[in-house]
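In what follows, chain A forms one complex with chain B and a second complex with chain C.
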Partner chain A sequence: MSTSSDVMPAGVSAAGVKGPGNWSLRCLLIGIVFSLLSLFGLLFTTDASDPSRPFLGYMLAVVYWLSILIGMQFLIMLWWMFDAGWSVIIRRQFEHMISALPWLGVLLLPLVIMGLVDTQSGKVAWVWMSMDAPVAGTSGTVADDVLYLHKAPYLNNPFFLLRFFIYFAVWAGLAWAFRTWSFRMDATGDHKYVHRSRVLAAFGLFLSAMATTFASIDWFMTLNYHWFSTMFGVWYFSAAMRAALAAGVLVLFYMGSRTDGLKGIVNSAHYHFMGCLMLAFTVFWAYISFSQYFLIYNANIPEETFWYNIREMNKDGTYNSWWWISMALIFAYFLFPFLYLLWHRNKQGNRLKFIAIWILVFHFIDLYWNIMPQKLWADNEMGYDVRYFTVSWIDVTMFIGVGGIVLWSFLRSASQERPIPIRDPRIKESLNYHE
Partner chain B sequence: MPRRPIIENGRNFAWITQKVCGIVEGRTPQWWWVAFVISCMVSSFTLMGLVYLVSTGTGVWGLRSPVMWGWAIVNFVFWIGIGHAGTLISAILCLLRQKWRTSINRAAEAMTIFAVVCAGIFPLFHVGRVWFGWWLLPIPNSNAIWPNFRSPLEWDVFAVSTYGTVSLLFWYMGLIPDLATLRDRTRMVFEKRVAEAKTGFAVGFEKAYFVFRKYFYGILAMGWRGSNRHWSNYEMAYLLLAGLATPLVLSVHTVVSFDFAVANLPGWHTTIFPPYFVAGAIFSGFGMVLTLMLPLRALFGLQDLITQYHIDCMCKICLATGSMVGYAYAMEFFIAWYGANPYEGFAFVNRAFGQYAWAYWIMISCNVITPQFFWFKWARKNLMLVWILSCFINVGMWFERFVITVSSLANDFMPSNWDYYSPTVVDIFTFFGTFGLFGVLFLLFIRFLPLLAFAEIKANSPDADVHRDSHH
Partner chain C sequence: MSKTYGILALFDTPPAIYEAAKSVRKAGYTKWDVITPCPLHGMDGAMGITRSKVPIFTFIGGFIGFWVGMFIAWYMGAYDYPLIVNGMPYFSPIFPFPVAYEMTILLAAFGTLGGMFVTNRLPMHYHPVMNYDRFERLTDDKFAVIIEAEDALFDMQKTREFLESFGPAEVTVITDEEEAE
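What follows is the complex of A and B.
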């Protein structure tokens, strides 16, 4: 039990992670180059069969990294709320990571601007933004779609734009406050920052829960704006938590390998507990995803089931490419990690690293599955077509681009501040944590 | 910032044992008899209601088209929800290594089991001819009729019976070391009590009571000797049961939520129901734990074992789960509008402003507003206030189920079919009596079994800390 502060274990870097091996500048360059490349692709490439595909590839990459950071911020807030001791050294790594949140807002902004400006080309996947756009499966346009007209008080450009800024104000504002206070405590050792952070975490959980829910509704659910599910926000939260824990483990391994990082500080208990949380959220994600699927399947109401139908079969009833992705999600994204993480020894070392990477890969596929399939207007007997599973070059370049920016922001922050919050009142508990 | 101790005033092993065993070994307090008699009388209302139901028919309940589900399902879900705190505390908080759970887990688990008993009455008796209740089980009878496996009501049978069984086993297993302590103290208690006995009758009574206690605790303790091997098996079994019970805690109320959510009825069919019901169940369970534990803590002077820290933790769980429930209410309302289905939209507007608006606003104020007081330390420290708020939570969670069940049914698709549902006196009697039944069972538990898991509490006491005198 620790009561003292101002702990300085032997070998804690006073200056953070500096070179050699700090690739922050290289990450930044990669990030800028690849993001610009993707932006170029977004604006200037045309795909006649599916004009909005680059838009979604771009969005997918941003919201992938965003989910990791949102999840990490949730964990920071939960740890403050619970007054957790074991996680203090991990919290600092997450504080470095969430420094990238404002940049993700900047990266996502082109899509929103495009939605507001470009109403003709069909490149914007938020179909409801173009009043003249034909509605899939019907002969009318958005402007005379009764369902759109009902939703128009929520789904309109000014309000959408306002919400976009509110979400990022919440996320970036919280990130700024938690980071600033934690770093100040390093310098001054003043515990008032602990109390402040705890109070803010209480409000922040509310705000971030709302922002995350409505962001997922705005950006993903409205892609098929006829569809609705009360569970959807919870799904994005659960996915974000899984991604954050997996990415957090990899960050710990990286920092744990550096003498100016966490080498000799992070121990097997920290990894073990992260592994346990990964297991818990694997189950939670499956619970949420299954519940949503099951209730819609069982009720069998066409206005809801179409969302799953397009993820399963073609118009003639044969399986489409999403069906295979669905199976992969069930068996490879739930069942395998679930069984794997039950074993104690799998929550350590390379085995843990492996499953963290595995989860991060499938998290991307989960986002593909939830975001990409969309009913597209088509001149055929059904009046619509479905976007099938494809990987476009823009998905890859933007993934690298956003990743570069996030890693740059992380490494830059990590090079400026200490790798652990040395004057946190619970730091001793975290350092001495054992299973 | 030191951690708050789980046991206050540095109480040692002997004090803890004496304190908890003393409750069972001492003379029966007068208030216990008063409470017991009242509870028995109250529970007779359930008996009366059920006898009248079985002898007359299910028509004695206030059910008529379109409200074919009324108080019975509301009461069932209410009691099942309350039965969620115990196993959550003993299983999930065990996995999360929350040591404070040890002071409250025993009573909460007992509460769980008694609540499941009360809950079981309603679905069992709603079949009317209760002697056919066994038809619920998948036993192919002489007509080769199977129950409908596609009905969530059938899943309820499996979910609740599994949950009840595992909760009982879990509770009993945790009791074994404590029962062994009580067994070992039987003779000591007998000698003390027989020395105080003044008349021959009293001595005879003490002798008979000694024999009863000797066998009662002796058999239940299953030969526990507290050896290293016993403890190591115990710890492993506890961990495994905790792992098994954790999904059960979630599955029971998930299945209960399916009772509603698989129906294509506006207000019932919404995808957030499973986690929303689970959060609500934990919320109501902790509400009931607070309602019960605060008076017991004062009556038996357990302030050093159930400290302000424990009360804070329970209040905060109420706050968290109450807020989750609030999130679900908000999301239901938003999506009911956003979904643009006029029936769904009407169901929610009707809930808030229709003929059952009074029930809806009771629900909102009790479940969403009440727990927000727990943000504040002054509120959590005012135990009278905490107790009152916990009672509000119990009330609010009953009304939640009432609102969901009745408002959607009473104003369904066809306005010419609408009705205003009211319970009959039989409904009210049957439900009222279950509080008596619950009270009877809980009072018997207090009297005969250790109220607190003192073997586990001792592991958290300062005496158990080998590094107590040195910093490490």
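What follows is the complex of A and C.
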């Protein structure tokens, strides 16, 4: 067994972030209260014109935080795969964050149970789950819909439920393994955990890519199950990476401000490289989002183009609220962060903090845009309405609720383990990293 | 004809050259350089070198590339030979985007390469330091600071004493050979 000697910079406590400012219990309390409030709203509020809106608000908030954690797990695996040295101290922060992955599965479970149990009220946005639900834009029900019947071998309740558990088994299982091995290496200094983590990362990248792709198909794409796009899973991945890097930068700023965290350890080069990755994934997100639009635009098939049509115009061809959101995504979520992050000085300090918050805000709007618009059944000559852009109270309460749970899980893990992996073989490289 | 190009001080170790570079900068010299066989981390800071200007060339190249790509699509599709393809408009910013995007990358790469040549004043086939008899060692295991005679603070006697105060292996005057007329 090969080991490295302890590398303990002054100020790195053995026990992690504790004491004043560690509000893990407050976060947990807020998380539980707001999640229960949202669950109450999901189950007991009714809206005759759009009964499935609370369902989507609840899902949106969970998958927002889920995307951050999935992205962080991807980054952990990428850094293992590339044997990266600079990122070792950042990897530990992400290891704390991904401890929340199993809890997100628990928070999402009510939606799946609701889909299986409640087939009458129309509160479930996955319309294909109830066979006698009317299909918006047609005169029939789901059971008559040839496009549903064709997809039924994949889109059916038992398989959907099985897949749900597989996704979270993959994410939570990988999180458990990477966390446990990294913490054991802190205690024993045994480098076999490095080799194990690297092997697992190779398989884990594949498994997690599959889980992320199919989860986004199951949960978001089937909201309009007539529609199909092979880019959609990659869109969720790219959005997750952007969100994870932005959230990761904010975590670094928080830990970097604490003497029992990373104060004096994290330096300008670490921030600069996180900023470079943010720039890269800004371009990647735009590339994926545009490619999807470009292919559908060129092919010009009604089964695909309707998905963009409802995000642009009303039945009579006038622009609806989604058109403005679309423009905001192009110019404020791609063009502005792209140009901003080109500048070296914008990848440091408050300027980096600003763009990280900016990206996290627009990430939510991007999720709204991709998930929320749906054809709603309506008794008119066109046979459907479009759900417009609105922010309902359940979106906000659930965002706070899930956020509380995630931050509690992060702070709890950060208070139990060291802020840096002191016996990682590349820890010195990371501590002394500079441009 | 030959004239003095500058005074060169030769050092054996990276820390020695690092300290010397910091002192030369502090003394207020502006026309001077450090010659090392390998990149030394932190030397940019010690010499007070600001960030490279190459990204500006990259940006200009990319900017021109994007609009050239869009212009090509507009010129061919909507101006010179309008043709209806797939029921799409003659010109729209959407379908020529890959062209504009590729042109952005291509010209940004050219801009980077050209910018590197311009800011480094390449190609440079002759440099007065090549006249130094131990020039080869500067590409192997020795490190040098050279202060140019054109510097406002340059003084043959004082600059020489200043460089000798760092304890270099040797201090030499470098001459610039001018071509015979």
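By our rule, the second predicted complex is superposed on the first by the 430 of 435 C-alpha atoms of A that agree within 3 Å, B and C clash if a C-alpha of one lies under 4 Å from a C-alpha of the other, contacts with A are read in each partner's own complex, and residues count from 1 in each chain.
Note that in this section a residue touches a chain if its C-beta (ideal position, glycine included) is under 8 Å from a C-beta of that chain, and two chains touch if they have at least 3 such contacts.
These numbers were taken from a predicted model, which means no experiment stands behind them.
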{"item": "Combined model on chain A where chain B meets chain C, clash or fit", "value": "clash"}
{"item": "Which of chain B and chain C A:229 touches, first, second, both or neither", "value": "first"}
{"item": "First (chain B), second (chain C), both or neither touched by A:344", "value": "second"}
{"item": "Contacts of A:295 with chain B and chain C, given as first, second, both or neither", "value": "first"}
{"item": "First, second, both or neither for A:434, with chain B first and chain C second", "value": "second"}
{"item": "First (chain B), second (chain C), both or neither touched by A:38", "value": "neither"}
{"item": "Chain B versus chain C as contact partner of A:208, first or second or both or neither", "value": "neither"}
{"item": "Touched partner set for A:197, first chain B, second chain C, both or neither", "value": "neither"}
{"item": "Contacts of A:52 with chain B and chain C, given as first, second, both or neither", "value": "neither"}
{"item": "First, second, both or neither for A:154, with chain B first and chain C second", "value": "first"}
{"item": "Interface residues of chain A shared between complexes with chain B and chain C", "value": "298, 300"}
{"item": "Residues of chain B defined as touching chain A within the complex", "value": "1-3, 247, 250, 254, 258, 261-264, 269-275, 323, 327-328, 331-332, 335, 338-341, 375, 472"}
{"item": "Chain C residues within the chain A interface of the complex", "value": "41-42, 51, 55, 59, 86-87, 94-95, 97-98"}
{"item": "Chain A to chain B touching residues, read off their complex", "value": "1, 3, 85, 146-147, 150-151, 154, 191, 194, 202, 206, 209, 213, 217, 228-234, 283, 287-288, 291-292, 295-296, 298-301, 303, 425-426, 432"}
{"item": "Contact footprint of chain C on chain A as seen in their complex", "value": "290, 293-294, 297-298, 300, 342, 344, 434"}
